[in-house]
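You will see two complexes here that share chain A, one where it goes with chain B and one where it goes with chain C.
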Partner chain A sequence: MSEEVARSQATQDQSQDVPTPSGQAMIEVDPTETTPRGGRSGGDGGGTGNAVTNLLKSGAGRNLGLVIALVLLCIVGVATAGDRFASTANVLTILRLAAVIGVVSIGMTFVITGGGIDLSVGAMVALASVWATTLATQQLATDYHWILMVSTALLVGAACGLVNGLLVAYGKIVPFIATLAMLAAARGLAEILSDRKTQIITVNSFVDFFGGSLVGIPVLVWMFVLVAAAGWVLLNRTTFGRRTFAVGGNAEAARLAGIKVQRHTVALYVLTGLCCGIAAVMLMARTTTGSSTHGGLYELDAIAAVVIGGTLLSGGRGTIVGTVFGVLIFTTLNNVFTLNNLSISAQSVAKGLIIVIAVLLQQRLAARAP
Partner chain B sequence: MSVRSARVLLTAGLAGLSSMALIACTSNTPEAEKTNDNATQAVAAGGNDEPGKKVKIGFSAPAADHGWMGAITKATQAEAKKYSDVELIVAEGTNDVNLQISQVETFINDKVDAIVLLPFDGAALTPVATKAMEAGITVVNVDREFDSTFAARTTVLGDNKGMGVSAGTYICKEMKGKKDAVIAEIAGIDSLPLTQARSAGFKEALADCGLKVSNRVAAEFTVESGEKAAANLLQAAPKIDAIWNHDDDQGVGVMAAIKNSGRKEFFVVGGAGSANVMRDIKAGNSLLKATVIYPSTQGADGVKLARLLVQKKALGDLVEVEVPRTVQLYAPVVTKDNVDQYLPTAFES
Partner chain C sequence: MSDELLRMTGIVKEFPGVRALDGVDLDVRSGEVHCLLGQNGAGKSTLIRVLTGAHQPDAGTIHVNDELVSLNSPTDSMRLGIAAIYQELDLVPDLTVAENVFLGHEPARFGLTRRQETNTKARELLKGLGHGEIPPGRTVGLLSAAGQQVVSMARALSREARLIVMDEPSAVLDSEEVDNLFRVIRDLTSRGVAVVYISHRLEEIRQIGDRVTVLKDGATVATGLDARQTPTSELIRLMTGRSIEYVFPPRQEVPADAPVVLEVENLARPREFADISFSVRAGEIVGLAGLVGSGRSEILETVYGARRATGGVVRVDGRLLRPGRVQESVRAGVGLAPEERKSQALLLDQAVYKNITVSSMGRFASGGFLNGRAERLAAEELTKALDVRPAGVEHPVRNLSGGNQQKVVLARWLLRDCRVLLLDEPTRGVDVGARSEIYALVRKLAANGVAIVLVSSEVEEVLGLADRVVVMREGRAVHTGAAQDIDEHRVLDLVMEGSAV
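On to the complex of A and B.
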């Protein structure tokens, strides 16, 4: 009985919460907890299911599922490859691989949480990497400082993101289509700029800085950690993040609540573009080249990581921690396959299965929440 | 039995039958391939082939999305199997440089003795190859060159410029001095230096007899891209005298596009030397008149050289005791006259 009362009260609270963009909305859309009904009534145990299911339904629980999956993968890795898998060098290899796609996925989390999608991330990485390694840019970097290459990549990424955002927010074009167009255009522009040749980086200071390591951990991994931390803070502890959830959850209600939805949408896409710029810098450092062939199919990897991390594709709920786990799961899977001499084709099938299983589990757990 | 359960049974029965039929259709090894494996093992073994110290070799190549690349990987694995002292670890199948770099990093962590690497992009994989060399691992570069001499101990490649020159020379000969012949070129992945080298050689050889490339398109070594590029080319040029297609795998698509267009006023020269094309040349009933070989044995040669390097042996038949820095394989032109000589070692698309 009491649970039903609590539930209806929570529902009432919800409907009263929506119009006010104040702290009350915070409770309603807090991503680290499930729908308030499920989490709040967790105390009543007996009616809605046992403690384990309730734990799994909560935010920490969802991540727990991902952690378990990751641990399972690690166990398989250790079982099949022993200390080739468990060594520090191997862990660093996994992290270095995860770093580039991880940064892209963090940007993608914001866009998807805000109710959109961005298919052009791979092409933006390519364009940013090409633009930042043209002879002109490299000459400037040699004359002044390598940071100019970094700023070029970031600017190009942000500019592409801006175009995406404007098309989606003001042009009212469906995100799928707008970013699809950017996917083709950015890749084409990258090919034109580079004349389809690979551009080699001759600015040694750039390569040396990003190729180095701090306290034994590569700079690239630090960059991933920093971007992830900044993303988490932005999404969960700032008004910007709150607004993102509101816009993704119900754009019309957010607009009525006084949120400038269009401007916010543009900001989200610019943020994604910026993340692509950062990823481009990391890829440039890792390969010492800029090329129009970089970033192929990154959008699929990013979306897969974001989705299995627990972010809803329809928007309104998102988690940076989940995305990070998603990226780690896929890269660890890749590593285990490589260590065991297994074909990459089998791995792709496994990847598809993992995505399906993860989403089905999330749906079932969410459906069980009353 | 009720209508409903009958329907359920019928659906289940149909589903079961179709899945059985599908599963029965997955077998994919042709008879010829099985006998070929036996044939390749009967190769004469020289003194260098005597088993020596155990060698652990890591092999990485891009995705086998076309027959030539698939042949490279298969030949490499077959070669490694012939030696009892070679353990080959294969990590192939990606066109993503980020992923290929991490594959090589895994080899480094594994402390392999040698790495045979066909990079998706030579420049992009140069840093990690240099890292491997610095870690004491012998790196053998195959086909797509790194851009630093410190990144590999030995490079095995085909003669890309020579390929273009051979193709251009053959076309020059066939044109018999016709002055404004329309020559078209269908290249492979344009961002690769090897494609640029082939085109440069082709242009040079044509310039020698006063001809030039009138139309040029680029595909991606895959059948689908070849078909697309060729279809566009045929639209762009209403009359062509000769086409040089860089690669016979994309050539399958190219020939399909040509057939669909119904045009016959030109002849086609291929590249890489697939068995399909050689059979067509031999039969003499298609527009394909010749092809230039780009050996798909480079990976296998890489493994052989890596083994010699790690066991500190010399390359037989050479006086010099060290294995050469670069081994550039020859690019012969295959026509109807000499096709029988090359058909046995050609790769299947």
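On to the complex of A and C.
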């Protein structure tokens, strides 16, 4: 089955990045910093303090369970793999792997919060990566600047998203079907363009820039941080974000309140497409290839991360911080399993369990909230 | 007493903030047509839901054949032979007639449905109802409303129902079909089946009913009345005589030179309403009175642009509004507080202040970034002025009572300084205490120069609050005039005698 091909491809992706043990333990999250805010439903915190403290406060409060899960995973990692897990190199590896799917998941958070879903993210990543690495594009990039490859990927992603959005908002096709069609079509187009061959990137400046590090942290990770931060601000601090919640929570009420629901829906899908374009660039940098098999099953990984992060699949409630944790949890899980030489199948079972447990817990918590 | 089939005593049903039923008594005999009469909101629908097991009463007893029963689920009711035919027919449109009739108890052998037997049995039932012409294999969605109703009835009979509740069955039928419905009902009662019949049309009750029970404000005010002998005036008095007096704020003279803000001319939508014209001046409240389904809410939504008018025009301050454009209406200063507050107006999980600012976000944003503090301040000011409780603008709206939710919706439009406010059932689900506050608020808005259109099922509310009223019946305006010049009885006369005219 092609699914399995895609899956093993993903595994290879990761195994390329298995680290060499060295350095100190470095666990990102310190649970003592969290301030659990019992029963309160405090949304965005008070009007005081800057965006960063708000992010920490609300993120930590609402996502305590996720923090605990992540810490538990890290403990398991340290216990079973010791220094091989708790090394700077390994942590950076986890972050590098998390970065690509993370950017996709940020886009997915928006579209799901807005009451939709996008199954075509993986296919859009593949198409964008192929289109940005065709001989012609690479030739242009060599002649002028690698920015042309980047803009190609972004444009392709945004264009696919635009088609998705138009089909959903104006064609009145349910998001599931519209993006399912895009899933099939975009990957097919990627196969045609690449003739099913892996396209090696020869533009060294591109690889050097995105493959490099900044203050010891890979550029890819910086990109994820930037996208996540921008996503948080966009969702929680702008009219765009407010409208996203409104449209996803109650489209009819939003319409009657005077919000342009259809236009907003289109914008959400374009945004997701754009995120896929960014993710394609990152994946191209990590693998130094463009391929129609890139991004296999990203839709499922992204949806899973978003949902365990606490975003409501039916829309109206969404959290960027939760999504980031969701992505980190799944990536760390993969890493721990890989370090312990456990099969990809066992990983899948564990993933399934985590999704179910996370959603069950959320329902309990939601029921208890005032 | 041996023929007493059903006895309900002291039924109480509470929903958060509302006591929908407050001591209902009802007894129904085998073979009779028992009519249930009451204004909108009197509790008829809730009572039916209790009877069919969809709601469980908080107090009271139900006896079937002198035996105490508890109806914990629709299955319990069905087993006791109680079936209901709802206003909104509960058929599966994509299944066939026969499949719908036997839905849930299909003739089957070893788990396989027996299509032939199902069709034969369905045909017999339909024939018994005088509708042998409906093919059992036809998809239900393709049938007319009347045909679907027959299918519903066949379904009730297939369960060997001894008591069938019919909730405004004639609402979707033309007069010929109503005659046929009555024939079927008489046939049923002659076989000993009891029918609980709900209708707003008094002349139907006279035609088909045996006894009448009148509900008002969730309680039985009269029972066992003779359906043919009891005078109309008596029935209307029983339905309207209020136990609770609402306080309506005094009317204020609309200045003669007040400009006309909203003009509606010959507005029409097929099968909903036609030829509706009225105008509202600044500071004036115009009320639309009529039954549910008379087109009142549809008119408001069409004026607002949420539905597209097929004919006629709407002007605000002399400017034409293009049909079907909510955006344009909002920009022109029109606000709508819709009938279904929860599903049409509110973002229930969002904070109060976000619900208030959702229609005027631009004011609090620069470069797309929202100034949360300014939003909260503006919302706080409004919630204080409107006395929204609990105080504070961070609670999710879900936690507020109906009256306070309504205030939040009003605050949304106050924040926009709107010129025209369309209020659809502003006090539905609002408890008695908060009602007077809402009334005072609406009057105050008018005093500040807002043109208000009010729709309410409660005639008293329309008459008490509005300066002028338009009485609607079946999509047409049958009377327009000053609110002082007409009383509740006259309005009910106009809307209920309906087809007798």
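We take it that the second predicted complex is superposed on the first by the 307 of 370 C-alpha atoms of A that agree within 3 Å, B and C clash if a C-alpha of one lies under 4 Å from a C-alpha of the other, contacts with A are read in each partner's own complex, and residues count from 1 in each chain.
Definition applied: a residue touches a chain if its C-beta (ideal position, glycine included) is under 8 Å from a C-beta of that chain, and two chains touch if they have at least 3 such contacts.
Quantities reported herein were computed from a predicted structural model and do not represent experimental measurements.
Visitor: Applying the touch criterion given at the start, work out whether A:240 contacts chain B, chain C, both or neither, answering first, second, both or neither.
Guide: In the superposition, A:240 touches chain C alone.
Visitor: Look at A:187 in the shared chain and tell me whether it touches chain B only, chain C only, both, or neither; answer first, second, both or neither.
Guide: neither
Visitor: Check whether A:259 is in contact with chain B, with chain C, with both or with neither, and answer first, second, both or neither.
Guide: second
Visitor: With both complexes superposed on chain A, which partner does A:343 reach: first (chain B), second (chain C), both or neither?
Guide: first
Visitor: With the two complexes superposed on chain A, say which partner A:351 touches: chain B (first), chain C (second), both, or neither.
Guide: neither
Visitor: Looking only at chain A, is it chain B or chain C that touches more of its residues?
Guide: Touched residues of chain A are more numerous for B.
Visitor: Check the residue A:317 against both partner chains and state whether it touches chain B (first), chain C (second), both, or neither.
Guide: second
Visitor: Touching A:334 in the superposition: chain B (first), chain C (second), both, neither?
Guide: Touch status of A:334: first partner only.
Visitor: Name the contact category of A:84: first (chain B only), second (chain C only), both, or neither.
Guide: A:84 contacts chain B only, not chain C.
Visitor: Which chain A residues contact chain B in one complex and chain C in the other?
Guide: In the superposed arrangement, which is not itself an observed complex, chain A uses no residue for both chain B and chain C.
Visitor: Could you list, by residue number, the parts of chain B that touch chain A in their complex?
Guide: Residue list for chain B touching chain A: 63, 89-99, 101-103, 105-106, 108-110, 120-127, 147, 190-193, 196, 218.
Visitor: Can you name the residues of chain A that touch chain C in the complex?
Guide: Touch list, chain A to chain C: 41-44, 47, 233, 237-240, 242-243, 245-246, 249-250, 252-260, 316-317, 370.
Visitor: Show me the residue ranges of chain A that touch chain B in the complex, using the header's touch definition.
Guide: 84, 87, 89-90, 93-94, 96-97, 100-101, 191, 194, 196-198, 200, 207, 211, 283, 286-289, 291-294, 296-297, 331, 334-335, 338-339, 341, 343-345
Visitor: Flag every residue of chain C that touches chain A in the complex, lowest number first.
Guide: Chain C residues touching chain A: 304, 306, 326-327, 329-331, 336, 338, 343-351, 354, 358-359, 361-362, 365, 368-370, 372-373, 376, 394-396, 399, 412.
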